[in-house]
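Quick one: the structure is below, and I'll ask about it shortly.
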C-alpha cells in the first residue's frame, strides 16, 4: 500500500507513521520525493484503517505494480541521481565513456583525457571483468581500481566501475562513484542487496534475456534496501540476429521510463558491437527518452585487451555527444 | 560485378553494353541513379576484360555483398520512391496511417479524413488480412479494395494495402498505389517475384524472425525483377519479451540504411502493441534514420475488428506526426 | 460446437444433420473417425437445442480449443495418414529420407537406392527450393519432379516434395504422394488453403518462429478445406544458440501429440545442421512420441548443391532407422 | 596443451612433470582418468620440447577447444560423479526429485518418503530460493538446510540444494551432498570459483539464454579449481514460445555429451512447466543421452509455496522413473 501525506505534513509525522507501522509488524519504507512524504508498505498485515487516522496522512491506496518501489505508482516524479554534481535523469543527457577494461596507467589516463576533452560526464573502466572464459583477461582488480580512480581524479570526472562479487564491494566502494552491476549479475540477488547497502549510486544493466519486468524487479531488490540511487541501463538482448552482437531494445527504455521513475541509460557498444551503428542509435536512444548513454572508447582500439573492435575514437566520441544532445532536444 | 560508366557516357552506350553482356549469356541489370549509368552483373561467365574495353565504361569491380542490387556497393545514392508525388526516402519523413482492416465505408472514410486532417501522407488499410486463425475476420477482399481506393481518392491520399497471394496481384494492383508484402510472406519468394513484376512500389515488411541479411535478400528477389521501387519496413521481431507484442529493432533500421540504399520505414504499432510506446518510438525511429513510420489508427478503436487496442486516435496521430518530424530534424 | 453421434448412428443420419446445419447457415464439417460420426460446427448461429433432437445425435458440446479441427477435443483418436500403404501416425515410426535438392537423375536415383536399401519408407527431394538468395540454386522445377517421381517408382517408394507456390500445385500434385509446405510458408495462408484442396496428404513444417498454437492453427487452415491428411513436422526454431543451426523443440512435438490428433514428424537435419547430433536426436524424437523423422541424405555429401554438410551417408541412415525404431519401442 | 603419459607411467612421474611445469611458470592441472595420467597446461610460456623429454611422457599436443578441461580432447572418458554411492554419469540414469522449496518439516519429510518410495536416487529441495521478486518467499535458509538434510538422512538419500551466494557456501556445504548453481548464477563467476573450492560435487544449470559454449565455459571455471565433480543440467532456454515455460533444448544435451566428458542431467519441470509434458520429455532426455533427470514433486502440489503447478505426484514420479529407465535402455 501507498500512504501519501498532505503537502504540509512534517517529517516528524512521516517518521511517526513509519514507526507505528513497524511496531505493527509491517515492512515499510519512506519515499521522500518532490517535497511530499510517502510511505510504501511492502509487507505485513496492515489495513487501510490502521493508517488513515495518523496525523498528516492524506490518502492510502493499494499498489498494483509488482515492482512497488520502482513504479511510478509510488513515485510519480522522475528520480534524479546526483553523482558528484552530475545529474542523471534530470533532463540533460549524460554520457559515460571509457575503456572496456583498465589495462594500465597510460591507457587509462589517455582514455580519461579523451573522455574529458570530448565533454563526457563520467569515466567508466573495468577492474573486475566477468569473462565467458576463465582464460581471458579478468581485469587488474585492486590495482585497476586505483588507476581508474586516479585517472578520474586527475581529469575531474567521477568514475563508474563494475563490481562482480560481494567480497569486493567494500574495496570497490572506496574507489567508485557509481557501482555497476553487469548483465550477467542482474539476478545475482545477493549482490544486488549487498550493493544496495553500500550507499553508492548503482548502475543496473539489464540481463541478456531479462524481461522488462524482471529488470525492474531486480531494481526493486536494491530499492528495498533503502538505496534510491538506481540507474537502469539497457545494453541489448539476445535474439536470433547475428549481424549485431545483441539487439538493442529501445522499447524497453520507453517502457522503463513510462512505468518507472528511475533514470535509464543505453549502452549501444555492447548492444551492437558495430561502431557505425553506435552513433545513430545513441541519438535514437535519447530521442526515445533515455537519460544518456554509456559507451566504450579506447586511445588505441586495435590494441585493446577486450572488445577493442567496438571502441570509439576521440573524434567519434565528440560526434556521439553532439548527437546524444540533439536526440534529447528533439523530445 | 559492377560496371560503372563515366559521367558523360550516354544511355546508348549503357544499353549497348547491356546487350553485349546478355549476348554473352550474362544476367545483368541496368541501375540508373544520380545521373550515372551502372550495370550489375548478377550471373554468367564474364571476365572484367570482356567489359572494360566497351565505350563509356569507367570501372569494373566485384560486388562483395550477397544482396547485390540492394547494396550501397552498387548504388551509393539513397533510393527515393515516388508514390503519386509523395517521396519516400528523400529526407522528409513520411507517415502512413489507417485502420488495420477496411471494415466498411463509413469506418474507412472516417479514418481517411482523420489521416488526411492530421497531415499524414498515405492511407493504409487491409482488404486481405493474413490471420493466425482461419476463423478470424479475413478482410473484405475486392470490396475492401474498392472502399479503400475510394476513401483515398476522396481525401486525396495514395493508398497502401497488403497482397497475400499471387492470384490477387492483378486486382490489388488496380486499386493500390503501394503493394505491401507482410511479415509472414517475407520469404514467400513466388509472391515477391510476382509482385515485383506488377510495376508498383512495394513495401516489404521484415519477417518475424528474419535476420537483417534475409530481409535484404528478400528485397533482392524484388529488385531482380527490375523493379527498384522497394520500401523496407521494420515491424518488430520475436523475442522472449512479453510486455511488448514484439521487439522493435532499430539497429536493423540503422543497418539497413548503412548497408542498403533503399528507404526504410518503421511500424511501431505491430512492434509494440502499446499506444503509450508508439509515439516515443516513432520519434526515435526517425532520429535513428528511418524515412518514416506506418501506424494504425481507427475512428473508434474499441470497435475495431482487428488490433483495435493498438490503434491511435486523431489527436495521437497529430502528435505522432509532429514527433516524427522532430526526430528527423535532429539527425 | 462438437456434435457426437451415438455409435449405432448411420451415415445417413450424420449426413442429414450436416445438411440441416448448412441449411441453417452454419459452416460445419463431418469428422469420421474410429467408427463414430462427429460434426464440428465452425461458425454460424446454431444453438445446442437446434441439433440435440436430430436422429442419432448423442451429445452436443462447445469446443474450447482455438484449433477446432486439429484438437483432440473433436477427434480423440490418433489420425493415421496412409501414403500408398505407408501409415504415418499408426504406432510404427516412419523415416523419410532423400537429398535436399533433386540435382540430376544419377544423384537422385543413387539416393533413392540408398534410402530404399536402408529401409526408409518415403523418398524426399526438392524440385522447388525456397532459398534465402535469389542467386542460389532454386531447384530443377518440373524436371526435378519427373526425376524424383521416376526414382521413387523405380525403387518402390512414395515421394514427398515441397510446393512453394499455388501456381505449381497442380503440377506438383501429379508427381508427389505427399505435398510438403515448408517452414517459410507455414503462414502462407493462400497456399495452405489451395494445397488442402489438392486432395493429397500434406506435410506441414513448423515456421522458424511459429508458436505451437500458430502451427496448429496453420494445420487448421488445411483441415478446414476438408482434407484431414495433415502431417506436422517440427524442424527447429530460431533462438540465440549458434552451435546448432536451429533449436530442435521436442516439447512442441509432445505438446502437438497431447493437444492434437495429427501425426508429428521431426526433421533433425534442419534443426541441428550437425550430423553427430542427428542420430541421438532422432532416437529422442520417437522416444518423445514423434511418429517418425525426415532426414537429408546424399550419395556424395561433399558435392551436394545444397546443405551437403548435414546430409547423412548410407551407413548413418541405416543406423538412424535402427535408433528411431528403438526410440519408438521404449515408449 | 595436453601432456599424455604412457600407460605404465607412475604417479611420481606425473607429479614430477607437474612440478617441472609449475617451476617454469605454467598453470597446469593433473587430470587422472581411466588409469592414464594426463596434464593440461592452461597457461604459461611452455614449448612442447620443454616437456617431451620428461620421464613417462608419451605425447604432447595442443588443445583446440576453448573449454580445455571440460572437453573430451583432454579427457575422452565419461566422468562419473559419485555422490554417496550414487553414480551420476555411469550408464545408469539417475533421478533427483523433491520439492521446489523446503517449506517445513512435514512437507519435506513427506516429499522425501515419496521420493525414496518411488525409487529416485537423490533428494532435492531449496533452502535459498532466487526469486524474481524480493517479495516472494525466499526460502528458509539455514533452517531449510537442516530440515532437508534430516529428511534425506531419515530416508537414506543424499541431498542436492542450491547455493546462491558465496557467503552461504560454508554453511550449505555442511548440509548438502551436491551444491546446485542455478540458471541465474551460471555466469556468477565468483560463485563458481568459490563453490569449486568447497570440495563438493556441483550441479551446474544452464543459464536461461546461455549458449552451449558459455555453459561449458562456466563449467570450466569450476574445473579450473581442481574440482572435477561437475554435473551439467539443461533446464530450458528462453524463446518466443509461450505455451511452455521455457524451451527444453535436448540438442544441447547431445552436444554437451559429444563435446564434453561431464555427466548431463535434464530438468523438465522448469523447462516446460506442464506436468503432461514432463514424463515424455524425461524419456526423450535419457534416450538422447542424458544421464538422468531432476524433477519437482510435492506431497500436496496445490499448497506449494513455489511452482506447485509443475510438481509431480507420487504416482507420476514412479512412472517417470520407469520411463527414464526405458529411455536410457533404448540407446
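What to note about this one:
We just call them A, B, C and D in the order they show up, numbering each chain from 1.
Here, a residue touches a chain if its C-beta (ideal position, glycine included) is under 8 Å from a C-beta of that chain, and two chains touch if they have at least 3 such contacts.
Values in this document were obtained by computation on a predicted structure and should not be read as measured data.
Of all residue numbers that take part in the contact between chain B and chain C, over half occur on both sides, making this a same-residue interface.
Greatest Cα centroid separation from chain B: this falls to D. Chain centres here are Cα means. That of chain A falls 38 Å from that of chain B. In terms of their C-alpha centroids, the spacing between chain B and chain D amounts to 50 Å. Remark: chain B and chain C have CA centroids separated by 34 Å (rounded to whole angstrom).
Shown for chain D are the residues in touch with two or more other chains, namely 209, 213, 238-240, 242.
On chain C, the positions that touch chain A within their shared complex are 209, 238-240, 242.
For chain B in complex with chain C, the residues that touch the partner chain are 42-43, 66, 68, 130-135, 164-168, 184-185, 187-191, 208-209, 213-214, 217, 220-221, 224, 238.
Residues of chain B that touch chain A in their complex: 209, 211-213, 237, 239-244, 247-252, 254-255, 257-258, 271-272, 274, 276-277, 280-281, 283-285, 287-289, 323, 326-327, 329-331.
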